[in-house]
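Below, chain A partners chain B and then partners chain C, in two separate complexes.
On to the complex of A and B.
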């Protein structure tokens, strides 16, 4: 098992599409940082310079200037520009790009047949799933971590002041304590959560590998599911939002705030269903195509 | 083989240097963040803000219905649906104009509790303090500041603490470069007569 797993992960983290996916994520991250720096940070410091020149008897001396914290500029929580929404909308695509179509390609080219005669079927499929999960998770996490490091190089590592009315997370939302007091831990917690969901989204492609005749359809499937959840299910019944994966992944919790129990339920149910469907779809599938 | 080995050493070395530079940069930026000078004022003590001294003399927490039974003149603000979803905190403050008498009263006095903040309803505030509107207010007199504390903004545990009056509130006056935080620690429960 270790051998096939090592091989699959080695392949997953060295595909061209893995680097393309990370590249796209980093481009979005850089554009977002540039936008925030020019539209928020520079303006905020221009105001500070104005206030620094005032004296105690000036009526504007006491004012409502707030230092911009790192979470306000982080891609995951910065909701003023389009980049947060863009990144989390195409998240399934970024996750599936590295290795999501590998099973389809290998199966149709006959590579899988060669592996299956040398290795146990269960081990092969398990290793494939783990490799897809890991590559999908890494493809999502790296742009978030990169953006956080870049943001921290010019924004202080302080929490958001509730009085600033710039906090995107409310008092009763999930991990509010981390958001307001320990921003680095908030980023870490959400990056781990997005790693898991990124991996799950990539694994969705594995589940439908044998139901489509086109690798494009396989790769686009998780994105379609995400759009269906975000625009479709939420419009029909917004009460399901706390269990809706497409809202849970966004650290800005713009869907009305996450709840830890609902998030954990969604995570475990998603993992269970994905694994179940994946193994059911591949349990007895023959490598030799029927004529 | 040797070339690859040296290449790896150089890359590792550069990675370590880059990490050290980034860590130092992040530390520098965080250390040099612009923080206000915070003046924490206990209940009963005064804070001077824009030439006016503010002293919290009393704080009363009311059940929503009891508040409107007590303040019947504020009936127009009553909303049926809020009966079990809202508590009313009324803070009594003494205002004294300091220095040369040119102080400015600022009614923007947000209250902060947990990670939540509330402003003051300006219309309710005006109705509770008519002297401020009609020009009859004198330095040294008291004002009454109403705050609506909503259940929807608090977790279940926090709401229980609010109802049991175990929550510490603070009224924030100004934010930068000086921030005055007037703590409200001694709250009594209001009972309608």
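On to the complex of A and C.
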């Protein structure tokens, strides 16, 4: 198992599309930082300078000024620009790009046969799934971590002051303590969660590999599901939000606040269903596609 | 070494691509599958390799049923249809990746195998830059790497130049061993006469005749 897993992960992390995916994530990340710096950070300091020059007869003299914290500038929690929504909407595409279409390509070209005659069928599919999961998770995590590091270069490592009325996460929401008091841990916790969901979204492409005759359809499928969950299901029944993957993945918890139990239920159910469908689809079938 | 095909039939989309095949392959000789296009030669090879499952009947390799006792033959090398490898790797790297899954193949053997099919193991060109003939040679190298007990080759001399054909021909004959079964499908009658010890004529998914060369 170790050999095939090593081979699959080696292949997954060396594809051009893996770097393209990370590149797209980084570009969104840089654009977001640029936007936030110019429209928020600079503006906030201009406000401070203005307050400092006020005299005590000015009606604004007693206004309170709040420092912008690192979480406010982080792509995951910064909700004023379009970039947060854009990143999490195309998240399935970024996750699938690196290696999500690999099984389809290898199966249809016949390369899978070369592997399968040299290793156990179950090991091959397991290794492929792990590699796809890891590549998808990394493709999502790197832009988030990169953005956090860049934000931490110019923003102080402080949580958001609840009195500032700028906190997107409410006291009752998931990991609120981390959000207000330990921003780095909040980023870490959410990056891990997004790693898992990124991996699962990539694996979604694996599950549908044998149902489509086109690699484009395989790779676009998770994005369509995400759009359907984000726009469709939520419109039909907003009560499903706390179990809705497309809302859970967003650290700004803009869907009205996440609940740890609902998140964990969604995580484990998604993992279970993905593994079940994947192995059912690949249990016993001809390696070379029947035409 | 023994491969037994017992009442094999394969139906794909309501078409009988293989019909009631009974045959036993034994080690020590090269079997040549002959017949018109679409007569089931490639399908039979896929079946022996464990890449497809029979609709009825069974394939036994050394008395182990394929798909039941074993998923794939324990020691097999295949060249079926167009050889496919990873585009962004060189020939040597591709074989090295595959060899990583086999415990009995070291780097020197990969180099020797590539040399034996007329490829340079120092060639830095990626697979996608390979010509058809080079791809075919690499496919043969992958099939014989590790000296498997069963070697299946579908049209092994396809796209290979004249000098190359002589190299591959001698290479295949040199692989004959009492513990090894080599099955080849080839359209070139002359080549088949040279390569095969036994020729098996197939027609409409059935084995029609066996001829000893």
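By our rule, the second predicted complex is superposed on the first by the 281 of 291 C-alpha atoms of A that agree within 3 Å, B and C clash if a C-alpha of one lies under 4 Å from a C-alpha of the other, contacts with A are read in each partner's own complex, and residues count from 1 in each chain.
We take it that contacts are C-beta pairs under 8 Å (C-beta built on N, C-alpha and C of every residue); 3 or more make two chains touch, one makes a residue touch a chain.
Remember, it's a predicted structure, so these values are computed and weren't measured experimentally.
Taken together through their common chain A, the two structures put chain B and chain C side by side without a clash.
By the touch criterion stated above, A:7 is placed in contact with chain C alone, chain B being left untouched. In the superposition on chain A, A:153 makes contact with chain B only, not with chain C.
In the superposition on chain A, contact is made by A:65 with chain B only, not with chain C.
Contact with chain C, but none with chain B, is seen for A:286 once the two complexes are overlaid on the shared chain.
Of the two partner chains, chain C is the only one touched by A:115; chain B is not.
By the touch criterion defined above, A:16 reaches chain C but does not reach chain B. Figure legend note: chain B and chain C, brought together by superposition on chain A, show a least Cα distance of 16 Å. Residue overlap on chain A between its contacts with chain B in one complex and with chain C in the other: absent. By the touch criterion given at the top, residues 48, 51, 59, 61-67, 149, 152-158, 161-163, 165, 167, 170-172, 176-177, 179-180 of chain A touch chain B in their complex.
Those residues of chain C that touch chain A in the shared complex are 12-13, 46, 49-53, 67, 71-73, 76-78, 80-82, 84-86, 88, 97-98, 100-102, 142.
Put simply, chain B touches chain A in their complex at residues 22, 25-26, 29-30, 32-35, 49-50, 104, 106, 110, 112, 114-117, 152-155, 158, 172-178.
By the touch rule above, chain A contacts chain C in their complex via residues 3-4, 6-7, 10-11, 14-16, 109-111, 113-121, 284-288, 290.
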